[in-house]
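There's a structure below that I have some questions on.
We just call them A, B and C in the order they show up, numbering each chain from 1.
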Amino acid sequence: MSLKSYIALFLFVLLGFAGVWRLQKCIDAQQSAVANEDDQVMLRSSKLVKGLSLEYAPLVADIYWTRVVQYFGNKQAGKQLDLRLLWPLLDVTSVLDPHLMPVYDFGSTFLSDAPPRGAGRPDLAVELIERGLRANPDEWRLYYDLGFVYYFDMKDYAKASEALYEGSKNPKALIWMKTMAAKIAAEGNSPETSNFLWQDVYNTTKDALVKQNALRHLQLLRAEEDLKQIDALADEYQKRFGRRPVRMRELVQSGLLRGEPVDGLGYPYILSEDGKAELNLKTPLRDKWIKAPASK
Amino acid sequence: MAGIDLFGVYRKNESMAEPAIDIENLTKDYPHGFLQLRKRRSLESLTMQVQVGEVFGFLGPNGAGKSTTIKLLMRLIFPTAGSARILGKPISDIEMHRDIGYLPEQPYFYDYLTAAEVLDYFARFHDFAAAERRERVQRMLKKVGLESAGRIQLRKYSKGMLQRVGLAQAILHDPAVVVLDEPMSGLDPVGRREVRDIILELKKQGKTVLFSTHILSDAEMLCDRVGVIVGGKLQGVGAPSELVGLKAQGMEILFELPAGGESGDLLAQATRTGDRYRLQVEESGLYAAMQRLQAAGAKILSVAQVKPSLEEYFMHLMAADRAQAAAVEVRAK
Amino acid sequence: MTRVGTVALNTFREAVRDRVLYNLVFFALVMMAAAILVGQISVNIEQIVIVTLGLSAISIIGLLISLFIGVGLVSKEIDKRTLYALLAKPLRRWEFILGKFAGLSLTLAVNTVAMSAGLFLALFYVKHSIERADTAVLVAVYFILLKLALVVALAMLFSCFTTPLLAILFTAGLYIAGLFVHEMRNMQPNTIDPALGGFLRGISYVLPNFENFDVMGAAAHGRVISGMLIAQNTVYAALYCAIVLAVAMAIFSQRNLK
């Protein structure tokens, strides 16, 4: 071929790909409008997928797992509230390869966590983990996850204690699981316990999303502690001045606080109308926070 | 250029007219070896002309470069160096293909088609009107003797039949130049005779025919000139009868001698099989020998020329070629 | 141009006479029947099952044909030397490539239409009516055709310079890669090295994006597919095929035939 033809071909290919690039962007815009709800219509049936995978089930599981991570990442980034598809994806993945441990780890956190961070279905999380235990009875970490879900999300302290106790029987388990089982059985919910558990997750997990989630929980626990202390100061204020403070500044001016306190993310705490300490309206921690019921 | 001067007379290209096929310094290297780094030269600086209206035989042992040359002419492969023209146009001119016909070596066609369909398919590239195309296809089928098999799928054809289909598609469009790569291969004597007849007919129509073969007798019978190629190099071009080294080495007399006939020195030279004897003599001494044998009561069965086989001839050429290459090396040192 | 047409029609004829094709089409029709049975399980999802299973069958079979026969288009002619006599005709090499492509595309179109007819029959049998919304299925079928044309072009490209086996592997690999373009583009920044992520993002725009043609969800639920998308996908497929074929033609025109 002559040099001229080569150059012509090269230019054509170059221009062609430029066109392709541009077109693809347009198509993407179109597609995001269309594709929202129906990701993967048919392949929700775990039995069907298992059947279709033939002997490549573990491979398909891996593919599904990457889809889970991407899906979840997308949903987080796109700030969509609907996590309906998380369970089916995890369901299929765990059926395809019951030994894929990250699935249970991930699932236990994000299925049970309340929206918008998670799907808000701790019951499904329990089901997932129990499935994992049936397939991997030696995996003490699953008991750990189970204990977590019962403790934090289902607030069933009896079962949480049981789970941790079962897990602690495994010689490879974390040392503290047995004592923690006992503590929870005795005390139920306590900030110490919660703090300890989340700190453990934060230190040991390798999954970036899970780690971030744990950090949030730790910050929230710290914030709750702070709020309690502020409340105590507010009570003191009431004793001194006969009314509850309505602004944080008042507490500072009265000398009870040295400066306006802020939460772990840098947002200052505020006081509600009836003088109770609260999280700042804008802080992301507010997502997870449940207002303490009036204790007095 | 020619390694050995094969012909008694060194002939220059005497005709001034434009040759039908004009090859100049055509060279072809193939990459080979590990990672395709080394080169194997399968054709070296071939310069050759085929005149309009002549039948030209391309002779040589297997692997000498005959097919390579033809494929280069047909643009199936591309030259490393050199050029060629057919009917005055460069071989890169695809329109020129309207005037040439080609029969590939060991042809194979679409086996799910019938002969008529294959010919029709090929004919469509030549811009005939539908009626003319149909007529030509029928005529060709008849010419190569495939009329009755025209409706059978090619997968059921014998090798000889396939060869005939190949020939048909090569001449269907009445080309001025016909190039045949080993047209006789795989044919039984009847088939070969038919192909020979077709080639002679083409010559009578004034067409130029170039064909490659390693069967000398075919070349002798059909060709105006032959070109001999050995080891990728053209050894010489000329009329077949002039090939040095293939001149008759004498005559052979085949005779029977009934028992009790006079034995003589002649018999001692003859080889015997049962009652039959073969005796080789110089051409000059033929008549005298025959007289003596007749006088001895022998019954003469036949008299024929003795020629070396083409195989021996090629071996001789290749040895000479190697000797020359060695000599060149020595000189270079 | 009629030379291209001649090659195309001959390729079509070859495909038609190749009995393998009939078996595949038969298989597809069996799938449709199976879909009807499967759909009986739950009344409301009949339509969804038939459409998704049917489209999947059409797609998979079409892909197999495009891949295996597409690769064979060139390599078979070279192996069997049918090409030799052909190229001695006044036929340019690029016309040959184009004709082969057109011929197989035509074959695929006919096959796909036949199988879709079966699909629509099954749909009609189950619903006893055909609604406007079912045009989405037609669009889905059209998109499958676009996708198949692109696969054929890729298969031909690879078969022009590698062995048939490698050509199949490369084409299949590109197809699979083209299905995960979305993933490539949305890699989480904290899961992988940013440079690699950027590189993957860039590549994801250049790779043939087969996800574009996937509208099975919409078709199954009878949702309308925008004309804009149809136009864009058509142009995308045409443009990409043109690029691939141009390169294939260039490579083939330089190739020494052994």
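The rule is short, and it goes like this: a contact is a pair of C-beta atoms (placed from the backbone, for glycine too) under 8 Å apart; a residue touches a chain by one contact, two chains touch by 3 or more.
Note that the coordinates shown come from a computational prediction; the quantities given were computed from them, not determined experimentally.
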Chain at maximum distance from subunit C, centres defined as averaged CA atoms: B
Closest chain to global C-alpha mean, per-chain Cα centroids: C
Centre distance in Å when subunit B and subunit C are each reduced to the mean of their C-alpha atoms: 48
Distance between chain centroids, defined by C-alpha means - subunit A, subunit B (Å): 84
Between subunit C and subunit A, distance of the C-alpha-averaged centres to the nearest whole Å: 41
Junction residues of subunit C - those touching two or more other chains: 254
Residue ranges of subunit C touching subunit A (in the complex, touch as defined): 48-49, 52-53, 56, 182-183, 186-188, 190-191, 205-206, 209, 211-212, 215-218, 220-221, 223, 225-226, 228-229, 232-233, 235-236, 239-240, 242-243, 246-247, 250, 253-254
Complex contacts: residues of subunit B adjacent to subunit C: 71, 74-78, 94-95, 97-98, 100-104, 106-110, 112-113, 121-122, 124-126, 166, 169-170
Residues of subunit A that touch subunit C when the two form their complex: 1, 5-6, 9, 12-13, 16-17, 19-21, 23-27, 30-31, 33-35, 38-42, 66-67, 69-70, 73-74, 77, 208
Subunit C to subunit B touching residues, read off their complex: 2-3, 6, 10, 13-14, 17-18, 80-82, 84-92, 254, 256-258
